[in-house]
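Several structures are given next for inspection.
Same chain, two partners: chain A is paired with chain B first, then with chain C.
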Partner chain A sequence: MGVLTLACFSSLVGSKSLDFTLKLAKTAADKGHTVNLWLSSNGTMIGKAHQKHLKDYSHAEKPVRELLEKGVQICECEACALARGIQKPEAIEGVQWNAMHWYLAKIYSSDRVLHVGGE
Partner chain B sequence: MADIKLAFVIQRPPYKSETSTLGFTHAISYQVVEMLLEDGQNVIPTVCLVGEGVLNLIKDQKAMENYGVTSVESHGKNSLLVDLDMLVCKEDMERFGLAEDRLLDAEDMGADKKLQIVPYAEIQKVLEDSNHLLFF
Partner chain C sequence: MKLGVFVNDYKSTVETVERLTAEKLGLIFIQNGVFHAALKENGKPSPLLDKTGNLYALSEDLATRGLTAADVDSRVKVVTYSDVVDLIFNDYEKLAWL
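For the complex of A and B:
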């Protein structure tokens, strides 16, 4: 089994890139791969708890919790989150907060890296 | 384990989105990555500016005056200050009519590194030699 590190910089709402990234993470984890997920820029909104699942909008809280249960390491950029008004107490439990070197360190040990850019 | 080479390919223009800034800041973070690695492990980054990405390097940006934010220019200068190799596509500079003297340097900050304006073929070699490519 391999180690896959994903990064996503797109927002939860307004783009399907984050949905795609979560589904890819789940698929890889289900196959037994080790998966790391780095969230930066608008991608950090994924880590906020108490998202309301309106049918017209993408919803990530449930899949994020499922990924965490599968052992996927999820980390978001603390500065990006704070700049968007997301405070740590509001974050989904289990989502790590760190800086960009976390991503580079995970890349170091990865067999594959998929970097899903922002807008 | 061997060193891991990462190419940060910045292709987006400044200010239209946050993307190019994040390219610089992620590359700069190599400075502290050793905190999370074992002894002997190393990340070697190279920043490659291609396409509209070369516009990030124009000097005398007025981002603080206009937008109230740190300029992309300052991120570029900080990248040189922390000894990042920064390759700038010569053909794309010509396409935008940019002469070398329009681009930033970080001599005033004491940086030893300078921008390296090179043909795209040289950037291609770096990409092929890298373990992972990160597009911004």
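For the complex of A and C:
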């Protein structure tokens, strides 16, 4: 089994890259791999709790919570979140907040890294 | 180096791919990138399909666009998310996102 670190800079809106990233993370975790997920730029929007699941609207809180339950380490870029008006008390419980060094440390200890670009 | 490249859009990325050098190059078509595997322009398939013999298209993204394996160029292997994870760990050392 290996260690996969994913980074996603895309939001739920206007891109399917975040959706792809979450599904890839889930599949890798289900196959027994260790998965780290770094959320940066607009990707930080999925770390916010109390996302309402409206019909036909993208919604990621449930898959994020499922990933956390599977042991996937998820971390938001703190500066990116704060710049978008997301405060730490609003974060989904279990989602970490940190700076870029968290991502860099994971990269160095990973077997594979996929950096998913933003919009 | 064995390089796996995720192609997520249906735009011309030929020049970018040509600048990549790898002992083994794989192109993994996802999202709108799967159109490279299935569509023809002026009767010609995507020029990306000539860049390597290691071509993959994500089945779920084909299906959400109304495409099936039958629509895909015979050079492209249709893969699942599970297959993609195996490609990542077993076939390619480095990964890129286009």
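Basically, the second predicted complex is superposed on the first by the 119 of 119 C-alpha atoms of A that agree within 3 Å, B and C clash if a C-alpha of one lies under 4 Å from a C-alpha of the other, contacts with A are read in each partner's own complex, and residues count from 1 in each chain.
Basically, a contact is a pair of C-beta atoms (placed from the backbone, for glycine too) under 8 Å apart; a residue touches a chain by one contact, two chains touch by 3 or more.
Just so you know, these numbers come straight off a predicted model, no measurement behind them.
Asks: Taking the superposition on A as described, I'd like to know which of chain B and chain C A:Thr27 touches: first, second, both or neither.
Replies: In the superposition, A:Thr27 contacts chain C only.
Asks: Regarding the shared-chain residue A:Thr44, is it in contact with chain B (first), chain C (second), both, or neither?
Replies: Neither partner.
Asks: What is the contact status of A:Gly117 with respect to chain B (first) and chain C (second): first, second, both, or neither?
Replies: Both partners, chain B and chain C.
Asks: Return first, second, both or neither, reflecting whether A:Ser58 touches chain B, chain C, both chains, or no partner chain.
Replies: Touch status of A:Ser58: no partner.
Asks: Is A:Ser11 contacted by the first partner chain B, the second partner chain C, both or neither?
Replies: neither
Asks: Scan A:Trp102 for contacts with chain B and chain C and give back first, second, both or neither.
Replies: A:Trp102: touches chain B, not chain C.
Asks: Quick one: classify A:Asn36 as touching chain B (first), chain C (second), both or neither.
Replies: Neither: A:Asn36 stays clear of chain B and chain C.
Asks: Return the residues of chain A at which the contacts from chain B and from chain C coincide.
Replies: Dual-contact residues (chain A): 113, 115, 117.
Asks: Quick check on the complex: what are the chain A residues that touch chain B?
Replies: So the residues of chain A touching chain B come out as 7, 9, 40-42, 99-105, 107-108, 110, 113, 115, 117-119.
Asks: Show which residues of chain A lie in contact with chain C when the two form their complex.
Replies: It is residues 2, 4, 16-17, 20, 23-24, 27-28, 31, 33, 111-117 of chain A that touch chain C.
Asks: Would you mind writing out the residues of chain B in touch with chain A in their complex?
Replies: By the definition above, chain B touches chain A via 1, 4, 6, 17-19, 22, 25-26, 28-33, 35-37, 41, 43, 45, 132-136.
Asks: Taking the complex as given, what residues does chain C use to touch chain A?
Replies: Interface residues on the chain C side: 6, 8, 30-31, 60-61, 81-82, 84-86, 88-89, 92-93, 95, 97.
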